[in-house]
Amino acid sequence: MAKAAVLGASGYLGGELLRILSDHPTLELAAAASRSQAGKTLGDVAPNLERYRDLVIRPDLGGVDADVAFLSQGAGEAMAVVPSLLERGIRVVDLGPDYRLPDPAEYERVYGRRHTDPEHLGEAAYGLPELFGDAVRTARLVANPGCFPTATLLALAPLAAAGEIRGPVVVDAKTGSSGAGAQPTANAHHPEAALTVLPYGAPEHRHAPEMTAALGRLGAGPVPITFVPHLVPLVRGILCSIYASPPAGADAGRWTDLYEARYRTSPFVRVGGVPRLPWALGTNRCYLSVQSVGGSPVVFSAIDNLGKGGAAQAVQNANVMLGLDESAGLARAGFGV
Amino acid sequence: MAKAAVLGASGYLGGELLRILSDHPTLELAAAASRSQAGKTLGDVAPNLERYRDLVIRPDLGGVDADVAFLSQGAGEAMAVVPSLLERGIRVVDLGPDYRLPDPAEYERVYGRRHTDPEHLGEAAYGLPELFGDAVRTARLVANPGCFPTATLLALAPLAAAGEIRGPVVVDAKTGSSGAGAQPTANAHHPEAALTVLPYGAPEHRHAPEMTAALGRLGAGPVPITFVPHLVPLVRGILCSIYASPPAGADAGRWTDLYEARYRTSPFVRVGGVPRLPWALGTNRCYLSVQSVGGSPVVFSAIDNLGKGGAAQAVQNANVMLGLDESAGLARAGFGV
Amino acid sequence: MAKAAVLGASGYLGGELLRILSDHPTLELAAAASRSQAGKTLGDVAPNLERYRDLVIRPDLGGVDADVAFLSQGAGEAMAVVPSLLERGIRVVDLGPDYRLPDPAEYERVYGRRHTDPEHLGEAAYGLPELFGDAVRTARLVANPGCFPTATLLALAPLAAAGEIRGPVVVDAKTGSSGAGAQPTANAHHPEAALTVLPYGAPEHRHAPEMTAALGRLGAGPVPITFVPHLVPLVRGILCSIYASPPAGADAGRWTDLYEARYRTSPFVRVGGVPRLPWALGTNRCYLSVQSVGGSPVVFSAIDNLGKGGAAQAVQNANVMLGLDESAGLARAGFGV
Amino acid sequence: MAKAAVLGASGYLGGELLRILSDHPTLELAAAASRSQAGKTLGDVAPNLERYRDLVIRPDLGGVDADVAFLSQGAGEAMAVVPSLLERGIRVVDLGPDYRLPDPAEYERVYGRRHTDPEHLGEAAYGLPELFGDAVRTARLVANPGCFPTATLLALAPLAAAGEIRGPVVVDAKTGSSGAGAQPTANAHHPEAALTVLPYGAPEHRHAPEMTAALGRLGAGPVPITFVPHLVPLVRGILCSIYASPPAGADAGRWTDLYEARYRTSPFVRVGGVPRLPWALGTNRCYLSVQSVGGSPVVFSAIDNLGKGGAAQAVQNANVMLGLDESAGLARAGFGV
């Protein structure tokens, strides 16, 4: 059994990590830490959990022995602890944004703070194993992608690799409210959120530069992306509707083949008809459908923002980094309804 | 045109008052006050409103000339301003709890604060016009009932008056999240509220003593009430399911007749089959259905908590107090869907 | 009082028509017809209605005397009755699709049936009064636009008129389930619809050719539109997110001014910040917001699909045709929450 | 590996059975049958499933070799096949109602059809393992309880066994729409269901006699139950609010202890504070909370209607019947959010 530690156990992503680790056959939860919940047991704060219910939450990861640490915190928190964790020989999967943008100047522009650990920024792998698996396999530090970039990049990669995209791409995302985090806010107050569809993040959501950076890593030429997320009355789930412009002479008939070929060996990506979000709930799966509307490709991409868009993908990254079965703890099926 | 003032314009009940007054033919909005929004226009804070959009919000009602003031604030606020308003000759409809319980000692027990205006407490009418219309007609001060007592008392009055209730009554209420108010809270955070039914308020919700007090006013003998509200994933609307025990030899066949006779002349209470909440949305209507389950009466009562359960009933009370048409501004139909 | 008749009274659009007419000061409901509900009263089928509750539903409009008839039926139904209604001197507002596409061949392609009344197709006005008010004013026959075209065309018109659109336009629409109609279907079955966002209509939704035709009427050059509607877990309401490409040198700073200037005198179109759907519920209003995302215009357009997207706009059209106050019966405010 | 067969694979309970069996370590899916989906693969009809995706659906269970058959069909279907399955040595868990009521005359009264297999009716165990585990352990035929009886009986058993109930019990249940089944209906049509709370089943829901019969099996004296289910805008989940009357001198302080003692060794029943439905989603767990409201016990009981209220409990019954680990395939944690 490898050992895992979780820092940021009281947020929604942290809770989902604990839920997945409760079901993991070869990765054991050695420690859970949360400043706000320290001293309570996991059973106190998460009555849904059974295994590990008597584990006492610690204030931090000081002195913890683990093979991998999952960091689930806001911007600026991870880079304060990553150097010491790595020094202690603990691999890190960071679910926050600190190591997602390769350029520290870009990080400062987007997140409004100076990057304090540029050294490790350079070595961090971008943790989308379907696209960057080789880097993850050998990494000590993985930047777990944002939820919207995960859904978008999996949806764009096959077309981009085949040169079937020209010109601007529109990414219209619809997300459930759990993406807003556990802290009550005006936009996620039930009376405000339950009866509307709320576009937010304009003029530039922080996940847009992350998408652009990752497309660059994929070797796609510069593709301008217009990205607008919308809060919809769901709790979990993201559906991205992605509108691209094809080059002259594109052959729409082969698009689905491109996707199936690209993901044939991926245990977590499924290509088919229009997806339903319950299929993805609580899972590490991404459901893709590519269609031709007026000769242009429209791709629908469905994930659980806390699953493939967060905690489940983090566990997949840890599995890959630690040489475990990539699907360990992640094989359960989503809901039919 | 009579003149109205609203204190507490920025909450949900205050907003609904402004919406109804925007459509009132004979009651003009003379002033709107809110400490937190003072200086802004109504159009700034409520883009849904057209009439009065340029009205500037005041910090309080000092110096305002009005025939009636609607007070929409938390416990303890109304009793601080009611004496001076009455002295200035302004009638008051208080949507808060300060004047609902006739006994100051009971108020102190339930709300945890001493009542500072027992003098006017004695003269306040309990503003359920269908049951206490005579008192409202001549009142200077009306205590607008709580949302749950409104739905419950309209549902129990015909049975109680006919002596068809013996023993304890169970009131199981289901309410939308707007009843929690405009301030974000953990229970009304969308990710927490959207996928569950949350009982709250046990062991004693503050509306239970109000129900008991009002049943006493109706001359019903002491009826023990077990009242449990549940937050359901709706924004507006309350459905109360009310379970009573009949006396020996009760005739279930006449129950619906009792209700129809009682409310035949009420423009706002409808008796019939199982109600749907959209019918009541935005209106001053209460839909009642009485059924026999195993020989015991079960009454379903549906209102909009912000409408008949709050702002619309407050306007009805003002209409009655001021000698206006009781239905003025309140005639519009609810939704079919 | 002018007289109105409604054919198709039992659907959701028909029900909303009856609700609005119940509140109309100068247009009286003379007859309501529905094959499936004939013989019942309006109160039987629509307990939310008060006025007209004793009106008996007729099977059709034969022998009815009215100034205007609202037809709310599926494709192919209106063109069977419009010729005789016009001959009897009754103006018609058709809420179905039969008279929306000016070209009978296009109608046949899109709706899969031959147009049997090409004569009146030529004279029908496209009933978006904010854009085609002159034609509506003098029309005997108005084709009430589809819900999605209404939201889209109001959102595109100012940019299109100013030459600020080049290249393709993406219209990503999110709609509540009432647009699916009153008949239960698999996609609108609650367990299937409540926890997902469902794109539908690809490769070509029937409202796309209607948008293209109407843009042509506006004199905009040929603008390719990629339109994908999505079913979201709402009952009423449409939010369209519209992504356009500006010409070189476009000045994003003037876009909001263009919108405000265009709709300054329109009582039903409001320009401002990001809209909330409750503001539009039950109303004839459209809320628009135009923003620059990476230098390209993104327009958000919010309506009630049964209101401005259907029944309320139909009443607005009737008001204009009959020379009544354009806002009669349509002035009430939407919800704040 | 033991072998399982599922009859009725295309309904919601059938789908949930397949989902759980996809994750079961010691019970293998040998056959899935559905008249309406015969010939398709499981992957065709249930894209959420991975394991068994190539299994071809059969029209019936003729010729199938299995250790246990799960029957998930409407009233009258199971009793037509149970005799032959038992004769073939196949144990049966029936998720339908045919074997729940011990008295064939009562079955006929409630379900409106004659019971055609009274012989096996007598030997069927009532499959609530926490209360009737001994009978399940030795049974060839188990009647899986209805969803509402499951939640109610687990909630009442400790009080009933301790003699802490006198007089009538009110069971006010709130259920998600998946309980209505996969076939679209008017009540579960999204526009009708999403904005209301709909009481149904009065004057007598079919699960009421089942509760009474099971309480009799528990040896409780005759307890009159008033049971009213309400459809709320959820997909999965039942919360029962149960109001009982205590005997004179009841000691509310020991109620929680009674529950904890009763379920201390049950892996699937948790006693604590007010439950949240997401904890139960997709699981076999029941969360109970008992409180004193005005001296009377109020019990809240939360389950997933498709989980502990259906498919998961069916698998638990099969595990017990076959001598497998009772928790096999059922250990996964529910959601925190």
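Think of it as A, B, C and D in the order they're written, each chain with its own count starting at 1.
Throughout what follows, a residue touches a chain if its C-beta (ideal position, glycine included) is under 8 Å from a C-beta of that chain, and two chains touch if they have at least 3 such contacts.
Remember, it's a predicted structure, so these values are computed and weren't measured experimentally.
Novice: Looking only at C-beta pairs that count as contacts, which pair of chains has more of them, A-B or A-C?
Specialist: Answer to which pair has more contacts is A-C.
Novice: Name the chain whose C-alpha centroid is farthest from the C-alpha centroid of chain D.
Specialist: Using the mean of the C-alpha atoms as each chain's centre, the farthest one from chain D is C.
Novice: Between chain A and chain C, what is the separation of their C-alpha centroids in Å?
Specialist: Measuring from centre to centre gives 40 Å for this pair.
Novice: Could you please state the distance in Å, as a whole number, between where the Cα atoms of chain A are centred and where those of chain D are centred?
Specialist: Each chain reduced to its C-alpha mean, chain A and chain D end up 36 Å apart.
Novice: For chain A and chain B, let me know how many angstrom lie between their CA-based centres, rounded off.
Specialist: 46
Novice: For chain D, write out the residues touching at least two other chains, lowest number first.
Specialist: Those would be 12, 178, 182, 191, 195, 233-235, 276, 278, 337.
Novice: For this assembly, give the contact graph shape among line, ring, star, complete and other.
Specialist: complete
Novice: Over in the complex, which chain B residues touch chain A? Could you list them?
Specialist: 12, 176-178, 180, 182, 184-186, 188-191, 193-195, 233-235
Novice: For a test of understanding, state which residues of chain D touch chain B in their complex under the given definition.
Specialist: Where chain D meets chain B, its residues are 168, 170, 172, 174, 191-192, 195-200, 202-204, 224-228, 230, 232-234, 237, 239, 241, 243, 245, 274, 276-278, 281, 291-294, 296, 298, 300, 337.
Novice: Considering only the defined contacts, which chain C positions touch chain B in the complex?
Specialist: Interface residues on the chain C side: 12, 15-16, 18-19, 22-23, 46-51, 178, 182, 235-236, 270, 272-273, 275-276, 278-279, 282, 287, 306, 331-337.
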